[in-house]
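Input: structures, listed below.
Shared chain: chain A. Partners: chain B in the first complex, chain C in the second.
Right, the complex of A and B next:
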C-alpha cells in the first residue's frame, strides 16, 4: 500500500465531491420524473427550490473534482515518484500502479471531468434564463455523474493500493523497451514521421480555420460544428502522438525519448502543464461546442445562448491551439535555426 | 410603465411542531394595481408580513405564484430573484438598519448595487432624507435613533431608488399621528408616479388615510376586498 498526504487530499476531495453528488441525486431523480414547469403546485415549487440547491451542490462537486484531478496529475508527475524506488517521472508511478490501473484511473478521471464540464455548462445556461428551461435535462445528466464518480474514487484507491513502495520500477526504460529497432522507434503505428507531421499540419490548419469560422459566424452552422467535432477528435490523438514522438525530442534534447510524463518535470521547464492543459481545454471545449446546442435545442432563447457559448468555446480552442503550437514547435524551430538541421536529420 | 402585481393561487405554509404544517396564506388570488394605494389589514399573526415578503421575493410560496408584468417572479431562481428585489422598495416592520452605519450611509445602501457614483448616491440619499424630514440626523449612527426616526430612515431607504414597487410593513407603527400622516402622504405621493404601493397595517389607520385606497382584510389565510 502506498500512502502520501497528497493522496489523502485527492481522495478526500473525491469523497466530498461524491457525497455532494449523491446528496443531489435524489432531488435530480425527482426532478427527472416529476418536473412540470407549467404547474405551480407545491410539489413543483418544492422541486424548483431544491433544484437550485442541487445546482450549488453540483458546482461545488465540479470544482472539487477539477481540484482533485489537478492534484492527481501533479502528484503523479512531480510528487509520488520520490517515494517509489527507480521512478523519476509519472511513467514510473504509473508503472508501479500497473499499466491497466493507471490507464483506467486516467480514463475515469477524464470521463468524470468531461461529464461534469458538460453538466456545468448546461447548468450555467439554465441559470441564465428565469424559466430555467433545461432543469429536467440537467437533472438527467446529473444522475449519470455519481456512477462515474464512484468508479473514479474506487479506481484511485485501487491504483494506489496496488503500489508496493519497496519494489523498484524501470521508469522510462519501458519507453525504450517498446522498440526493437531504430526504424521502429522512428515510426508511429508503422507510419513515418513525415506522415504524422503532414497530418498534424493539415489537421491543425483545419481545426484553426473551423474554430475561427465558428467564432466569427453570426448564424447557426450545425454542419461546421459537426465537422469541427470530427477534426477535434482526429487532431487530439495526432497532436498527442506527434508531441510525444516527435516534438518532445526538442524539449528533451534527446533523440527518441518518447516519455509523455517527463515533460512535466522541472528540468524541462514544466512544459507538460501548458501543453497537456491546452489539449485538455481543446478536448473539453470541443465536446461542449458539439454537445451543448444538441442538448439545448428545446427553446429558441436558450439555443441562442448556447450558440453564444459555442462562439466562446471556439475562441478558447483557437487560443489553446496557438498556445500548444507555440510551446510544442518553438524549440524545434530554435534547434533548426541554431544547428541548421532537424534533429531527425 | 403601468405595472401590477398579481397573486395567483398563492399559498404559504410553515412547518410547525410535530412536523405539522401551519397554513398562513391559503389560495390567495388578487391583483394590486399601480397608481393606487393598496392597504392590507388584519389581526396580529394573520400573515400580512408573510404576504408582503412573498410578493417582495424574500420568501418562496408553498404553491401558486406572484406575477409581475406577466413574469412569475416568485419562481425566479437566485440571481434573477435579486434583480426583482432591486426593483422593489421594502419597508420592514423591524426596520433592519445597520446600526454601525450612519443614517445617510444606511440610505445609500440600496443605491450601491445599481452602479451609481458615490456623489450621485449621496445627493439622492440626501434628497430622500429631506423627504422624511431627517436631514439634520444624516450623520448620526442608526443605533442612536428613536423608534420613529428609525422607521423614517427605513422609509427613506426604501424610497431612495424611486422603486416601481413598494412594500411597507407597518410603516408608521412607532410614530405619532402627525408623523404618521406625513409618511402616509409620502407613500401616496409615490402612487402619483404610478408605483404599486402595498401597505400592511392595522385597521385603526383606515380612518386617517389622507386619500382613497383599495382596502383588503387578511384573515384565516384568505384575503378579502373591503372597499375602495
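Right, the complex of A and C next:
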C-alpha cells in the first residue's frame, strides 16, 4: 500500500462527500416517489423543505468532490512522484498504479464531476423559481451520483493500494516506447502531424464561431446546440492529442516527448493546470450547454433561464478556448519567430 | 462590508461566547497538532532537498563482493569523462574513523573540487596536522586538539568550527588535509573513496547510468541525487501518513463534538421557527449557521496553522527534533518550499477542516428543515 498524507486527505474528502450524498439520497428517493407539486398536504410541504436541504447537501458534496479531484490531480502530477523510485511526473505514478487502475480512476473521477456538474446546474435553475419545477428530475439525477461516488472511492483506494513504493518504474520508457521509428513518432493513429494540425485549426475555428453564435439569440435553436456538442466532442480529443504530440514540444524544448503529465511540472511553469483546466471547462460547459435545455424543457420559464445559462456557458467556452490557444500555441510562434523554423522542421 | 446575515451570525456567537471560545480553542490545538505532525517531516524533507541540490548529480563507487573499495583516481576520472553528458568529475577522499565520543566522518579537502556547500563557510583550508570540525563535535581538550583513530592514530589541531546553520550535513564532519585524510583512512596513494560526477541536465542523471557503468573496466555502483531524495521522501512521507492516521480518532472526536454542539445550539434556538414563519428559507438559516461556524473556524484554522509553523520553525523545533528524530543537539535551520507549504495546508484542509465543517452542516440541516409548526411548538414548550 502507498501511504501519503495527501492520499489520506483525498480519501477523507471523498468519504465526507459520499456521506453527504448518501444522507441526501434517502430524501431524494422519497422526492422521486412522492413529489406532487400541486398538492399542499403535510407530506408535500415536508418534502419541499427536505428537498431544499438536499440541495444544500448536494452543493457541499459537489464542492468537496471538486476539491478531492483537484487534490488527486495535484498529488499525481506534483507530489506522489517523490515517493516512487524512477517516477518524474504523473506518468510514473500512473505506471506504478498499473495503467488500467489509473485510467479507471481518472474516468470515474471525470464521470462523477460531470454528473455532479449537471446536477448542480439543474439545481441552480430549480432554485431560481419558487415553484421548484425541476425538483423531481434533479432528485432522480441525484440518486445516480452516490453509486458513481462509491465506485470512485473504491477505485481510488484500489489504484493506490496497487503501488509498491520500493518497486522502481521508468516513466521515460513509457513515453518513448509508444513509438518504434521516427516516422511513427511523427504520426498519431497513423496520420501525420499535418493532418492533425489542419483538423485542429478547422475544429477550433468551428467551435469558436459556434460559441460566439450561441451567445446571441441562436442559442434557442436545438440544431445549433447539437452541432456545437458534436464539434466540442471532436475538438476535445483533437486538441488533447495535438497538445501532447505537437505543441508540448515547444514547452519541453525537446521533440517527441509525448508526455501529458510533464506539463504540470514546475520546470514547465505549471502550464498543465491552465491548459487542462481550459479543456475541463470546455468539456463541462459544452455538456451543460447541450443537456440543460433538453432536461429543462418542461416549463417555459425554466427553459428561458436554461437558455440564459447556455449563453453564459458559450461565453465561458469562448474564453477557455482563447486561453488554451494562447498558452498552447504562443511558445510555438515565439520559437518560429526566434529561430525561423518549426521544431519539427 | 458585511451583509445582514453575517452580522446576525456574529451577534449569535456573542450570545454564547463561552461555547464558541471552547470550540475555537479545541479546533486551534487540534489543527496545530495535526499540522505539526504533517509539517515537521515535510520541513526536514524540504531541507534535505535543499541540501541535496548542492550535492553531485551522481556518486560512483567501485564495488566487489565484500562491499565498496577505493578507486584509482587517474583511470577513474579518464573513464568517467569519456561518457557524453558528464561535465565534471571530482575524486573524493572520505571515510569513517573513531573520535573521542564515537564514529566521525573524515573528509579530505583542497581548494580545487571543494564542494559548493562548504565553499562559503570555510575561510581557510586545513594544513597538515590541522582539522576543521562540524557543530556536533565537541573538543574535550582546552588546547583544541582532536584525537582520531583509523588506519593510524593521530591528534589534530582544531583551527575552526563549521557554522551551526550547516549542521544538517556537517554535524559529525571533520575536514582534514587530503594527505592526512588519506593516511588516517588508510587509502593508498593515488586512490580515492569515490567519484562525484556532475551532469549538464538534471534529467540526464538516470539516462547516462548505463553508459557510465559500461565505461569502467571494473564493477561500479552509481547513486543519483534523485534516488537519494526518493529514499528520504519515501521514509518521511510514510512517517507523516502514519502520524496523520494516529490523529484520525482525535479528528472523529472533534467532529462529534462539533456535531453535538451544533445540534444543541440549533435545538436551543427558540426563534428558529419564528424565522421560518417570517419567511426565512432553509438556505438562509443554513447560511447563518455556516457563517457562525466559519467565524469561529477560520480564525482557529489561521491560528492553528501559525502555531504549527511557529512550532516547527521557531523554538519548538528543538523539542520536535529530539522527539521525532532523536537529535540531542540544536537542530539545523529548516527550510520550507512553496510546494511543501501548499501540500501541508491542503492536507490539513482535507483531513481536518472538511470533516469538521460537514459535521457542523448535517445537524444544522436537520434542524433547519424541520417543520415550522413543530419548531414553534417546541419553542413554546421550552
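In this section, the second predicted complex is superposed on the first by the 343 of 345 C-alpha atoms of A that agree within 3 Å, B and C clash if a C-alpha of one lies under 4 Å from a C-alpha of the other, contacts with A are read in each partner's own complex, and residues count from 1 in each chain.
In the analysis below, a residue touches a chain if its C-beta (ideal position, glycine included) is under 8 Å from a C-beta of that chain, and two chains touch if they have at least 3 such contacts.
In this text the structure is predicted, and so the values were computed from the model without any measurement.
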item: Joint occupancy of chain A by chain B and chain C, clash or fit; value: clash
item: Contacts of A:71 with chain B and chain C, given as first, second, both or neither; value: second
item: Touching partner for A:150 - first (chain B), second (chain C), both, neither; value: neither
item: Greater residue coverage of chain A in the superposed arrangement, chain B or chain C; value: C
item: Partner chain in contact with A:60 - chain B first, chain C second, else both or neither; value: second
item: Which superposed partner A:40 touches (first chain B, second chain C, both, neither); value: first
item: Partner chain in contact with A:16 - chain B first, chain C second, else both or neither; value: second
item: Touching partner for A:49 - first (chain B), second (chain C), both, neither; value: both
item: Partner chain(s) touched by A:83 [first = chain B, second = chain C, both, neither]; value: second
item: First, second, both or neither for A:132, with chain B first and chain C second; value: first
item: Superposition clash, chain C against chain B - the stretch among 276-284, 312-320, 330-338 or 348-356 that is involved; value: 276-284
item: Contact residues of chain A, present in both the chain B and the chain C interface; value: 42, 45-46, 49, 52, 55, 127
item: Chain C-touching residues of chain A, taken from the complex the two chains share; value: 3-10, 12-13, 16, 19-20, 23, 42, 45-46, 49-50, 52-53, 55-57, 60, 64, 67-68, 71, 74, 78-79, 82-86, 88, 127, 165-166, 172, 266
item: Contact footprint of chain A on chain B as seen in their complex; value: 8-9, 11, 60-65, 71-72, 75-80
item: Touching residues (chain side chain C, partner chain A) in the complex; value: 38, 203, 206-207, 226-227, 229-230, 233-234, 237-238, 240-245, 281-283, 286, 339, 343, 346-347, 349-351, 354-355, 358, 361-362, 365-366, 368-371
item: Chain B-facing residues of chain A, complex; value: 40-42, 45-46, 48-49, 52, 55, 127, 130, 132
